[in-house]
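The next block holds one structure in the form of structure tokens; read it before the comments.
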Amino acid sequence: MTAASDLMDARQNPRFGTTSFSRVAALWALYILGLRQHLHGKRWMVITLLFLLPAVLVLVVRHTAHDVPPVNFEFVFVFMFIPQALLPLVALIYASGMIQDEQEEQTITYLLVRPSAKWAIYLVKLLATLTTTVCLTAIFTAITYVVIYAGAQSSAESIPLRCAKAILIHALAVITYCCLFGLIGLLSKRSLVIGILYIAIFEGLFANLAFGIRLLTVIYYTRLIAYRTLSFVTFTHGFPQNIAADAWQLDVMNDPQLLEHPQISTCLLVLLLASVFFAGLAALICSRREFHVKTPEKG
Amino acid sequence: MPIFDQGYQHWSGELSGHAWRWLAITRHGVRVGLKSKLLRIVLFVSWLPALVLAGALCVWGLLEHKSSMIDPIVQFMMFVNPQVLAEPRAYRLEVWTLCFHFFLQTELRFSMILVLLVGPSLISQDLRFNALPLYFSRPLRRIDYFLGKLGVIGFFLAMVTIVPSVVAYILGVFFSMDFTIVPETFRLLVSTVVYGLIITLSAGLLILALSSLSRNSRYVALFWIGIWFVSGISASVLQGVEREHQLRSFAVHNPSFPPASQWRDARRLREERRVRLDSWQLQNSRTDWRPLVSYTENLSRVERALLGTDNSWRKLSELLPDDRDVNHFLVDYAGPFYPWYWSALVLLGLFGLSACTLNFPIKSLDRLR
Amino acid sequence: MYTELSDQITGSPPMMPVVAFHEVSKWYGNVIGINKLTLSIPAGVTGLLGPNGAGKSTLLQLATGQLFPSQGTVSVLGRTVWNNPSLNRLIGLCPEQDAFYEWMSGWDFVYTCAKLAGMGRAQASDAAARSIESVGMTRQMKRSVRGYSKGMRQRIKLAQALVHEPEVLFLDEPLTGTDPVARRDLMDIIQKLGSQGKSVLVSSHVLHEVQSLTQSIILLNHGRLVAQGEVRQIRDLIDNHPHHIVLICDSCRKLAGRLLAWEDIEGVNVLAGGKGLMVQTRSPDAFYGRLPELSLQDDTAITEVYSDDDSLEAVFKYLVNS
């Protein structure tokens, strides 16, 4: 035992530097590897095509529905299509595959036999996933804004500011989705099916019901933040209409200030706490579980 | 020293014909599929709508015979037009058609989930583990292999579309206690079976094509989700924007508020405007291509054409007390009304694309035969 | 039977075990991977042998901390391996599965593994170059892993295991699927590592491969330890089975007659063609002692003597079949 410990201590040689430096270096390498995995080969092309979809659709509808004001396009594509379909889907693609892809490709062994704790491996991979998805979201949300507002008559509110707010809201949503789907990816091999069911039932159905159950959805909080920070009033022949309130089942007639709904700070707190909880739980599970590569998963 | 041929050793016994060789692959695939607990759960849940369908047809049969057994149920059928309840036999075909329509709409969603569960690994896993030589070193042709794999999808889709429809149909016929019903409703049975085959061929070939493009079944599943989910949402968004555009275009010539001189007739004018709007929307619906973007909407459109759902809605709309409400009723419940063959062409195009895709990626492995 | 044999064979423990299993069992649901295994592996090259499904991969995954033992404790260099990532600095694993980040080049792969081991950029670069050189892949290192032959892939996999210069190496079937040339090269590399003082545990189900690498073996079957020690030592302990010794001579039948007069000879068979004899004896040492005298007799000149039983194949057959 002592001999082994001595040997161990002797191994803290200059090749690895100090232990803390070497740990950070290992995790940094893992982070870079995670980023490269997310963007290598044809992957980025597929994701780019997916993210370009709203911009392409905007081009189509700008051509076919020229009398619809840009704020309507913005609402439909940036605040409906992207957060309801694209963000959860991209988060599902990336986050559920963080560990599962490594397991399916049988490359997880190369990570497990390195001097990084399993929980740290998970969190670093999650961080790489969050970086990738947030960057992609920011870039393509901005592109969508450009396509919507380029050459169109802009509203009074500053478009770059609206775009920045939208990017922040989307980033928040995608972070929560990634943390959630990362956890699901650890818990089940069928994470894609479970994820899709979650997206369809919770984010698609429950979020659009004017009942308390929508408090369990990510999109509800992001919608509230968007509603409270941006104006979605459009004019049809001189008459104002709040398209967000109608579409998001917010009863502004009886509760114009939306006092019955959470405030921005609460929404932010809920989403961040939920993300931390999902990530923490997943890291804990990761640190305790075995990853079977060649040996049978169960009897 | 004799040198023996190291190549393929031909089976010296007698081989059966090619007709059923694919069945071995299908049987194996189904067995593997049924080992999944999640798949069994989805299958079970997807049979629940079939129970509702069978129940609805049986209730209608009893209603036709004015059976007292269903009196407690009739109280809850307030959503059905009283005239239909009074003459259930006269509206039998329409009610059956709509029951089958709602059932198939629900099962379409389950079919997509089943394809997601079963399909992605069908070819990709064979590619991943180099299992194709195991197939092609036997007297199997490419077509046998693909048919076998397609059979797996077909089995599961038939389990949720064709089998429950047929069972529900037979139950409905028995409960109606009137076998003259068969000629009247037989088209529904045939349509359901044909529709089941269309889903199997279309979705089956599509997922096989996707599965042959990657060795990673997760990516295949993601592609499938993209086609199903993203295409559906894109179509909805496009339709939403188009509706807004139509309302605005309509409002240009039909202002929401009449001029002050006509305020006395405001109510009548608003009513007339609504009627014109319904008519305008119905008219536009006939040429709106946007639903074609959605894969499931195309399948749905073909299903409605096969069952004749639109005719059923039209017949029910005749019961409305005010003729001016007919278009509104049709806009709300039936449609979209674009020609069904547009969707058929889209599905045919996807079918051709899938067949071409399947023809290329695995072609190199034919060297083994 | 196995327990008795292993009790006899494992005998006296070495001074400082590099890998130690104490009463270790591993279950996968109802399937048992390792069954109450107590084992000490000394420094040097050791072969881990067993048929498919014997539990070799489970043992290696337990030893590298990838699996948690259902029962018992596993330690490497005196430290528990489960959830002990710092120990991984001293451990190198060449996994059996033919899995890589296929989109990387060989250099990129080994360099990334060096960085994952916690090295700085310069050190990782040096270490990657050194380890790729040691497996003879320098010329091909810039090519994509996707385009490598099986032999190249095995070499580059070995390079990633060596890149951080571990004290203990676990090689899971490193020679699988390689051609004879690559096999010879890989065996040379492994032997060189042993001579450099590294502890290497090589698993294989191909007996002659291990035999050419080391005389020190561990035999597993059905998740249990069948035997551990030197090949010859193990063979000597199998008293239930007589040794088979082959004598090549010209006048076989005359020699057979003389041999049968010896009490410790259990049987003599004339080999096909009459060019040799297969002798069965329970006292090989006594037999070998008297053999020179016999050989000196003119009419029974023995030209060649060898024992098939010393081959790993025979030992394995005895142990596993019994």
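Order of writing sets the chain letters: A, B and C. Residues in each chain are counted from 1.
The criterion applied here is as follows: contacts are C-beta pairs under 8 Å (C-beta built on N, C-alpha and C of every residue); 3 or more make two chains touch, one makes a residue touch a chain.
All values derive from a computational prediction rather than experimental measurement.
Peer 1: Considering only chains that satisfy the touch condition with chain B, which of them also satisfy it with chain C?
Peer 2: Chains that touch both chain B and chain C, as defined above, are A.
Peer 1: Which chain wins if you rank chains by how close their C-alpha centre is to the centre of all protein C-alpha atoms?
Peer 2: Checking distances from each chain centre to the full centroid gives A.
Peer 1: Which pairing of chains accounts for the highest number of C-beta contacts?
Peer 2: Counting C-beta pairs in contact for each chain pair, the top pair is A-C.
Peer 1: Among all chains, whose Cα centre is located farthest from the one for chain C?
Peer 2: Farthest chain from chain C, going by C-alpha centroids: B.
Peer 1: Between chain B and chain C, what is the gap in Å from one C-alpha centre to the other?
Peer 2: Once rounded, the distance between the two centres reads 59 Å.
Peer 1: Per the centroid of Cα atoms for each chain, what is the distance between chain A and chain B, given in Å?
Peer 2: That pair's centroid distance is 32 Å.
Peer 1: As a quick test, compute the distance in whole Å between the mean CA positions of chain A and chain C.
Peer 2: Comparing mean C-alpha positions, chain C is 49 Å from chain A.
Peer 1: Going by the touch rule set out above, which residues of chain A reach two or more other chains?
Peer 2: Residues 105 of chain A touch two or more partner chains.
Peer 1: Sort out for me which residues of chain A touch chain B in the complex.
Peer 2: Going by the criterion above, the answer is residues 50, 53, 57, 60-61, 64-65, 67-68, 72-73, 76-77, 80-81, 84-86, 89, 93, 97, 100-101, 104-105, 190, 192-193, 196-197, 199-200, 236-237, 239.
Peer 1: Give the list of chain B residues in touch with chain A in this complex.
Peer 2: 38, 113, 116-117, 216-218, 221-222, 225-226, 229-230, 233-234, 237-238, 240-242, 244-245, 247-249, 251-252, 255-256
Peer 1: If we count contacts the way the header does, which residues on chain C are in touch with chain A in the complex?
Peer 2: 16, 27-31, 33, 57-58, 61, 64-68, 77-79, 83, 85-93, 95-97, 99-101, 103, 112-113, 115-120, 123, 127, 160, 164-165, 167
Peer 1: Can you list the residues on chain A that touch chain C in the complex?
Peer 2: 1-5, 7-8, 11, 15-17, 19, 21-23, 25-26, 28-30, 32-33, 37, 40-41, 105-107, 109-118, 287, 290-299
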